[in-house]
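Following: one structure in structure tokens, then a few remarks.
Per-chain numbering from 1; labels A, B and C assigned in written order.
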Amino acid sequence: MIRYYFWLAARSLRRNPVLTVLMIAAIALGIGAAMTSLTVLRAMSGNPMAHRDDRVYRPQLDNWAATRGFDEQGNPPNLMTYQDSMALYRAGKARRQAAMFPQVFPVEPANPEVRPFQASVLMTHGDFFPMFDVPFLHGGGWNRQSDDNNARVAVISRDMNDRLFGGEDSVGRRLRMDGEDYTISGVLDSWNPQPRFYELSSGAFGDIEDIFVPFGIGIEKELNSSANNNCFADPGNGYAAWLASDCTWMAFWVELDGAGEAAQYKDFMDAYVQEQKARGRFARPLNNQLDTVSQWLERRQVVSRDSQTQTWLAFAFLAVCLINTVGLLLAKFMARAPEIGLRRAVGASRRQVFAQFLTESAMVGVAGAAIGLLLTWLGLLGLRGLYGDSAMGRMAELDAGMAGIVVVSAIVASLLAGLFPTWRACQVTPALQLKSN
Amino acid sequence: MELRPIVSALMRNKAGLILIVVQVAITLAVLCNSLFIVIERSQRVGRESGMNEADTFSIDSMGFAAGYDVRDSRATDLANLAAMPGVIAVTTTNTTPLSNGGWSSVVGLQPGGDFDTREGGQPTAFYMVDENGVDAFGVRLLEGRDFRADEIVDFDQNTGLLADVVIVTSALAKSLFPDESIVGKQIYGVAADNRPVTVIGVIERMQMPWVGATNIEQSTLVPARLNEAGFSRYLIRTEPGERDRLMPQVEKLLQDSNSGRLVRRLRSLEETRDMAYRQDRAMMSILGGTMLAMMLITGLGIVGLTSFWVNRRMKQIGTRRALGARRFNIRRYFQTENGVMIGFGVMVGALLTYGFNAWLMQNFNTPRLPWYYLPVGALAMIVLGQLAVLGPSLRAATVPPALATRTA
Amino acid sequence: MLLMKNLSKVFRTHMIETHALRDLSLHVREGEFVAVTGPSGSGKTTFLNIAGLLETFTGGSYHLDGVDVSGLGDDARSRLRNEKIGFIFQGFNLIPDLNLFDNVDVPLRYRGFKAAERKRRIDEALGKVGLASRMKHFPSELSGGQQQRVAIARALAGEPRLLLADEPTGNLDSHMARGVMDLLEEIHEQGTTIVMVTHDPELAARAQRNVHVIDGQITDLDDGPRLAVVAAAAHAGGAAQAAGAGH
């Protein structure tokens, strides 16, 4: 029987090719648009630390100007001052803690054939790697002692290892940058957290740094952040003044074991700020925050507004396309009411009529969904063309999970479109059609 | 033509009516809101940076070798670049408009205090240029004079910026001194140690580096060179049409003249502009495409549905013709019916339009949709509907009256 | 074959109750050829719809070939229609998208026959109506009379026990109508029970037995002269005698 239904459906669809093409195109365009935008939105909404969301926390202290909050929403500054980061770091109240800021270093490869180039560097503490569960291909990070001594050790990304050492195990090898030699302690495995939650100020969606070195080296070299340095008052001249200022320029993260420890840590932060208030800093009311990674991403609104707007509009478009197809299928099926009446009269049960017409709508739906998948792929290609290397362009990639979502929702959406017309078709009573011709 | 029978006939086909109404309503809501965003973005993208974008490009140099002296190197580079045939002017600068990176502060008429508590304080971006800055950026000096070579100060983090004079844009001048000329006045917030600087000139227009900045036209030119980390950036203005030829030559010249540095980020201002507004342009294309596709789908959907309805009413149409209706009356019937449906759709769509706008306002600080978008959108939907119904209604009008007497 | 007792059918719409059939009783025996006549609005169509299991009834009982159909669900009724009843409609009701072969195939598909069996039956049925050579044609390529022959072939292909015809010649000119009637008589002679609704006395006269529906009730006109139809109709209007199974 199912073959008979397929045969009938194919016949009916072929009989009115323009209409069939219109219905399939509508579903395909709707699915394509909705899934393209959803792919980007979903990629942007990801939380790469979801598996450690109860362990990794972002402390934020509100040291901003007395007269004005950091932003209109009343958030504390997005970054922390040097002195506060160091105070929290040295207090060591968390299981792990790391401050960090980005810079760029010129790298001089040992091979004279390779020209010097600039590499992005993250100055951070050794706890960075275990805290964020960073995978290593070779070797590992560095210990507290290296942090304390500003040891010239470096962890390099897998890409950098491929570029500098042709992918060999380079642990123990020398790396010359910014005029000094560093010893490579570890090579990262592929690690590409998106969003790059730990240091959003140099772009929420981008590659990780090429090289990681102990935090103190950056201070020793009198560097500031290459990304974001915010002051609400003139910090004064000289690096010492810069370090002592209320300018915020570094990220600070801690690892805690669950909400209980987080509450204790929050108390510790509050106590610290109270103590600082007594020294004349922190003019604003107590406004400390301790976010999990998911809360942090939410607070910093890493999901682009354009992506959200596009997703809403694309789903409205999908709705129009589906409604359009519902209308056309309905009209088409109703125009065949005499046929339905006849089939019912000669013995087709309601279920058989339902099956017959559902087959036809499903053929439209599945064809639309299939082309919609292709359009999603093309749409993502188009987005990458339009957005290039910016966040939304980078996020326009289909992963396996999203591909699954796309396939399922495409088929569900298109079957939904076919359901109402089919239901109406099998409501046609056989009797009515005897005379109405 | 009387509406009542048309409306009551429509009411007998509720499913079809509702489907078209909802479709039209959503299309209208998306149309109005998308159009609003597209127009807003196109205005944003269309703003002038104020500088000469067609003939300029920038390039970075980053010294790393042990003996690298940024001041020597810079002096040599500037002399070499200025001597190149086709180069009109070259300056050092910390940044350019449209680059989305730079240094901003608040300037005011009084010393001291937090940036934002400075009396009469105005946000501004600093362009640290030399005596050729005005010429290289290609901005027009409206008032006062240009920098002299002896006014350019070298500074680093330890000395602090100790310039004595600045040139400001007319927008900043107006904000600080609404009623009188700013030339000759002293302002605070530029130089270190709470020292004042004297405004010596006013340029017509130059945007801050951040395309999303408010008060984007309040820029300040500071005669200074930052000597830090071996970094320098040059902005070069060429004779018209010479830019593309000169760009690779300049890169080679800098690279060859000193191997102890990296030469990076060779970029024309037009490329810089493209990158700055890439997201806006992408959004415009996407929304524009969505609007067109949606109108097309809705329009074709109406064509399809109306065709079916014409088919279903063949006999009725024949009967009307037999009873004396002219072709024109039949056409008019379908056009009116379409108008009524679109009308319902527009009514529902008005609610959706403002609902969606309210959502955008609440979540994304989008401005309120100006009132005239809705009537314009409604008109577009009505025109779309009439275009869509044209074919089917013409076909309906050709139904012969004799059809009335046929049974099948 | 067909046994209706005190059937009634009431349509309720909002405020009004309409009695389409009231207390209708009829017995059609196996092998009969019954013509049902009556003025329009008398309930002929309702009667035929109920007889063909296309509509349900409100009261009374109906046995089709010994099966009590009153309690049956949609599926069972569909199955009965498919197996026992063949329909012939005034408007032929052929599916315009399908050629003759596929049109005749429609009820057989729902019967669940194998392809070979279906083909045999279709060939045979189309052969019987003289259209075997045109099975690849589409309905629109045929005259009205030929279309009705296809419809008859479709009704016959399932080898139904009961053929229900609704004004089978209503859309045909007299020449074609005669051809169709000849065919129906032929089918009847081969043993199929036929119930035919018509308003044409000439046509009714060719049936074995005539019943007259008026105001939702049946008057049996066993072998009476054709002229009596009118008179009987006049009587039946007033006297509500249920002249049930007239055999």
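Quick notes on this one:
Throughout what follows, a contact is a pair of C-beta atoms (placed from the backbone, for glycine too) under 8 Å apart; a residue touches a chain by one contact, two chains touch by 3 or more.
Fair warning: this is a prediction, and the values are worked out from it, not measured in the lab.
In this assembly, the chain whose C-alpha centre lies farthest from chain A is C. Comparing per-chain C-alpha centres with the mean over every protein C-alpha atom, the closest match is chain A. Measuring from the averaged C-alpha position of chain A to that of chain C gives a distance of 68 Å.
Each chain gets one centre point, the mean of its Cα atoms, and the points for chain A and chain B are 25 Å apart.
Work out the mean CA point of chain B and of chain C, and you get 74 Å between them.
For chain A, residues that reach two or more other chains under the stated contact definition are 437. Shared interface positions of chain C, i.e. residues touching 2 or more other chains, are given as 91. Shared interface positions of chain B, defined as residues touching 2 or more other chains, are 407-408. Of all residues in chain A, those touching chain C in their complex are 1, 4, 11-12, 15, 338-339, 341-352, 429-431, 433-435, 437.
Here chain C touches chain A in the complex through residues 45, 48-49, 52, 54-55, 74-75, 78-83, 85-87, 89-95, 97-98, 106-107, 109-112, 154, 158, 166, going by the rule given at the top. On the chain B side of its complex with chain A, the touching residues are 15-16, 19-20, 22-23, 26-27, 29-30, 33-34, 37, 62, 64-66, 113-117, 157-160, 192-194, 262, 264, 275, 278-279, 281-283, 285-287, 290, 293-294, 297-298, 300-301, 304-305, 308-309, 311-312, 356, 359-360, 363-364, 407-408.
Taken in their complex, chain A has these residues touching chain B: 19, 22, 25-26, 29-30, 33, 65-68, 106, 108, 116-118, 178-179, 222, 231-234, 236-239, 242, 304-306, 308-310, 312-314, 316-317, 319-321, 323-324, 326-328, 330-332, 334-335, 383, 386-388, 390, 392, 420, 424, 437.
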